[in-house]
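Paired with chain B in one complex and with chain C in the other, chain A is shared by the two complexes that follow.
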Partner chain A sequence: MIGVFSYLVFFACIVLILGVMALGLNLQWGYTGLFNAGIVGFYAIGAYAHAILVTAPRPDLIGNFGLPWIVGIVGAMAASALAAWIVGLATIRLRGDYLAIATFGIATTIQLVTLNWDGLTGGAQGLPAIPRPLSAWFGSPLGFNLFYLGLLIAVVGLVYWALERILRSPWGRVLKAIREDETAAIALGKSARRFRLEAFVLGSTLMGLAGALYVGFIGFVSPFDFLPILTFQIWAMVIVGGSGNNKGALLGALVIWGIWAASGVLIAKLVPPAYAAQGGAVQVILIGLLLVASLLFRPRGLIGEVPVVSRHADD
Partner chain B sequence: MRKWIALSAVLVAAAVLAPSDAAAQASCPVKIGGVLPLTGSMGPITKKIAESAQLAVEHINAGGGVKGCPVQFILRDDQGQPTVGVDAAKYLVEVERVQAFTGTISSGVTGPIISSITAPSKVVQISCCSTATPFTLDGRSQGYFFRTLPTSKTQAVATASEMARRGLKRTAIIYVNTDFGQDMTRFVKLALPKLGGDIVAEVPYTDNQPSYRAEVTKALAEKPESLLLIGFPKDAVTIVREWLSLGGTQKIALNNSMRVKDFVDGVGGRFLNESFGMDNAQVAGPTVDAFNKAFEDKYKYDSKGPGVHTQYDAMMVLGLAMNIAKDLTGPSIKDAVRQVHAAGGATVGTGPEEYKKALELIKAGKPIKYHGATGPIEFDANGDVTGPALVWKIVNGEIVTDHVISIDQMQALFKKIDG
Partner chain C sequence: MMLAQSIADGILTGAIIALGAIGVSFGLQILKFANFAHSELLTWGAYLALVFVAFAGPGTPTAELSFGWQMMAAMALAALLTGCLAWLVDLLIFRRLRRTGAHPMSLVFAAFGAALIMRHVVVMIWGHGTHFYTRELQIALEVLPGVRMLPDQIFILGLTLAIVVALHLYLTYSRTGIAMRAMAESPSLARACGIEVESVIRWTWILSGALAATAGVFLGLTPQLHPEMGFSLLLALFAASILGGTGSLAGAVVGGLLVGLAENLSVLFIGSGYKTAMPFLVLLLVLFFRPQGLFGEKT
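And now, the complex of A and B:
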């Protein structure tokens, strides 16, 4: 049973990393109504920033500074925040689907830059040998994964707690006001643009953090980690989990990634070996069906939005 | 409703986590795990590769399995997405407890599997198709990663030597911007100047575009006297047509993917009489023919396609190595992989009969030399295979073999280039 436990620890690590991204998107979409379709772009910036900062120097590459893990994490968040701020300045005025198209284009651009700027990112070869924090201390993969799981629980706990705090503050209420009726919010003297930009940068910073946590866990990064499918998966997590609810975003990460992993296992078990080559297609169909079913039966998500927004509302 | 959902979730979880067989504690069957992109952009080419792996497993089982046990092959889909592939590999290694692993195609998926799953868990991994050089060179795999396709270096060095032999000067390189294209270009750049050629332009291109006028114009701006085109046939047809129509030379060097009739007919054979290309010379011989016939008999279509032959060899090497290994732990299997092609061994080929013969030799404690669907398979210190290269040319629209660069000549070339 040690194998099952070991796999579950690994699975939980991936869920928590995806959960950080889902929390970021939930802040942008669930609370502020920003249609960010470029999640994977900010994730990529965080991932590469971390990889370039912490990996040992190599003569053929510009970056690779061999800095400590924590510097990589902070650097990744700073880099994605800066990128989001620049992108936000240019695009945040755009509404709904227009913002989606703009951010989608930017994410594709970022992915192509990582593919083509060989001197910095290693191009299509990727950056191997990214140090995993304290991995030398642990004799077995399970030991390291358990340590990393503890680390991730702490990080996600901190992020969750901080988000809950600020979203129940006046700042969070303005975001909801903008989401519900931007004109009314402006009429009340709030700068919708500023609040939208702040939410966009903060959410994207979390996506960058997730990227750094991911490469620190896996130890390898290449442009193939940042294909648009991942953006779609994070969206599915927020929508299925319940947008506008941080617990929902985390639950969504668990459910969606669970569906993805479990469907593959089920197909491998149920499809006779002779048809294994066709099993992959059935898995994709199964994932689609489960997503549709969950939206039909729980249209507001597994945990919908909670109407109370102020810490003092219950008093 | 809620109870029902919770109950079904628990049942699914239980089903998913239960090992495949009640008898999982016993050593039979021996499990080999596989991860391949059955769906996604690689899906169309992967179907045949997966079938080739299945065929190898059938041959292994018909020929006696591994240490008296049948082999169970558990194949998972990575959908071309690294996170999905890593998760599937982790599941195979931890929950299914596979003793060996094969996969995958995209280097972007193979890389994270090596660094986070197979190397830390000490499970031997053999890939049919991932070409990115760092995997075997940077020590990250700790010797647990092998691949059965010759690396880009063999082909690049052979290409450079043939270009130099033909006296081509002022070469422009147009290459597909993938790990394969980048690697090829890097090694040609390293080799060509040392052999007497020179490079005037390097232009990367993105695949599946309707036109490559911009790239061709950029390459032509340097007034090249020859072209080296590294890519895939569909785009290459477009590029060569535009190249010729804009006044480019007919002295064109090509990579292995262009050794197909579709490419020659697409461009027009009469424009290609001065063109030549490179391929892996191992793709001929009785063991190759035996594989091709077995594949066609089973699936009713031919075995042509990338990765089909190398995937078969990956599986057969695993099967043989697991029989040679004194036990089925990762370190033993890793060492045994190198004895699949032992000095002075008796030659064994493809198919169940040959596999049975190999097992008898192994049981008798005698060395073997595996000649697979791509010819002799011998891994170098890095876990890569090198082999002889073949130069082909196009004569009146037909692809013909020009000459073969033997393995000794290849090694002499490597020495000259690496210094």
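And now, the complex of A and C:
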């Protein structure tokens, strides 16, 4: 029983971390119509930035400053924001799919850097022994996981609340206006490019935050945590959950990760070990089918965007 | 001497990238979306040819090549089938999305989904490991002082050149070719002129698929097949297409060659670890300074 409970706590932590990324993507895609194909790249930047900032100094590696957890969090967000700003500056003024291609490129490049720049990232070995916040206070792994779950609930709650606030603010309304009719928004004097860039950077900052939260939870980081499939899973979460709705993004995170984990367990039980590669392929194909089917048959997702009518509409 | 060899290798990689990039350009210009599934057509082309090779064998090595006419037949059949596969994917996914008037970026999402499914079906059928068309050994020829190439590689360069010339003639003089170019310029005007849009789209997919399959078989010949072979080239394909300017055939070819050269020359300076990041660097520079590409017109 205790085994199941610990697994559920672990599962919930992962869902919340992925949920932060889904919220970031929802801001970019759901509210602004920006296509980010390199989610995993911004996530990796956040994760490595956090690891490098908080880990105790080691002679063989650059960085590792042994700074407090919160500095690592802020630094991770800043690093992802900077990367997003550079990519966004080059691509946001161009047609939408160029942003997709460029962000896809940054994810590929980041993965190469994490693999090859041994002096900074530890290369394929990764960086072990990353301090986890307050982990010394907890005797058992379950105790720490429970504490971290609470922390994550607080962080996700804060992110959700802040996003809902800014999306209801004039800034959020401009984003939607640009998404719906760019020409009209520009005619009203709004710089579409500036608002898009802001939304892109803010969304990517959340992905960096998720990366930092992930390494704070696992205490280890390696290039193999950041495979392209993750980008795809986050999309599936937003599309299936319902883009343009933050509750939908969080629900999507739960549903997709639930299906992913459950299908993994099922395949491991049913498929003989000799066919493990095929089993893994089935798991990925399942997610691909879910996403395509959702686009074709239920483009709104499970809970789609709620139409908002101005309270001045009747005047 | 190292430099000359790197340039030769770069031209070879570039020729293969160019064949794939033509299809990506067609996607961006005629179908109006970034087809992230295009790289999987390369993979599928290569593996479909492998099926025929498994039946007929690669043939007795002819001239200096490592294969015989059977391999050529396999390549032609794979091109045909991959063209049909591309069209089938359009029927199943993209055409439906076009009909429902979905957000144009939904097509890009769907393309990623299709790519994921296609790639992993390859893993399911053929497994994660590598395959070879032939295990025949080849002796490199010294084509220029200090530059060595395998006979198969020379064959690939020659055939690529022939395909590009044929394609150029097709796009310039055939009715479908002219219709494709008209669609790239303006779909609504093309429709107004009585061009059957769906038929043009169908031929665009078939042609893109066939070209991708040829590029895939070339990749498989130099020297092996694996499920990620197309996917690992995806960024290079986009970089080549955008660098050249998506509007023209020459653009995709020159873009492909430049990206191939950039990849191979970078190895001399920064080591092989970052080779696959070079297309991204090229891409960012182009998007910053000349987003319409080398041959594109400013819009």
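The rule we apply is simple: the second predicted complex is superposed on the first by the 275 of 315 C-alpha atoms of A that agree within 3 Å, B and C clash if a C-alpha of one lies under 4 Å from a C-alpha of the other, contacts with A are read in each partner's own complex, and residues count from 1 in each chain.
Here is the rule we go by: a contact is a pair of C-beta atoms (placed from the backbone, for glycine too) under 8 Å apart; a residue touches a chain by one contact, two chains touch by 3 or more.
Everything numeric in this text was worked out from a predicted model, so none of it was measured.
In the superposition on chain A, no contact is made by A:L82 with either chain B or chain C. In the superposition on chain A, A:I218 makes contact with chain B only, not with chain C. When the shared chain is aligned, no partner comes close enough to touch A:I186: not chain B, not chain C. Once the two complexes are laid over each other on the shared chain, residue contacts for A:V284 go to chain B and to chain C alike. Contacts of A:L67 after superposition: neither chain B nor chain C is touched.
With both structures placed on the common chain, the touch criterion links A:I166 to neither chain B nor chain C.
Within the superposed three-chain model, A:A124 lies in touch with chain B and out of touch with chain C [touch as defined at top]. By the touch criterion stated above, A:L266 is placed in contact with chain B alone, chain C being left untouched.
In the superposition on chain A, A:I239 contacts chain C only, with no contact to chain B. Residues 115-116, 229, 277-278, 280-281, 284 of chain A lie at the contact with chain B in one complex and at the contact with chain C in the other. Per the touch definition, chain B reaches chain A in the complex via residues 12-13, 15-17, 20, 37-39, 43, 46-47, 50-51, 54, 57, 72-77, 79-84, 86-88, 90-91, 94-95, 97, 106-109, 111-112, 114-117, 120-121, 132-135, 138-140, 177-179, 181-183, 204. Residues of chain A touching chain C in their complex: 29, 33, 35, 37, 87, 90-91, 94, 96-98, 100-102, 104-106, 108-109, 112-113, 115-116, 229, 232, 235, 239, 277-278, 280-282, 284-285, 287-289, 291-292, 295-296, 299.
Note for the complex: chain A touches chain B at residues 3-4, 6-8, 10-11, 14, 115-116, 118, 122-126, 128-130, 140-141, 144, 217-220, 222-225, 227, 229-230, 260-262, 264-269, 273-274, 276-281, 283-284.
Contacts from chain C toward chain A in the complex involve residues 28, 33-34, 36, 93, 96-97, 100, 102-106, 108-110, 112-114, 116-117, 120-121, 123-124, 127-128, 234-235, 238-239, 242, 271, 273-274, 276-277, 279-281, 283-284, 287-288, 291.
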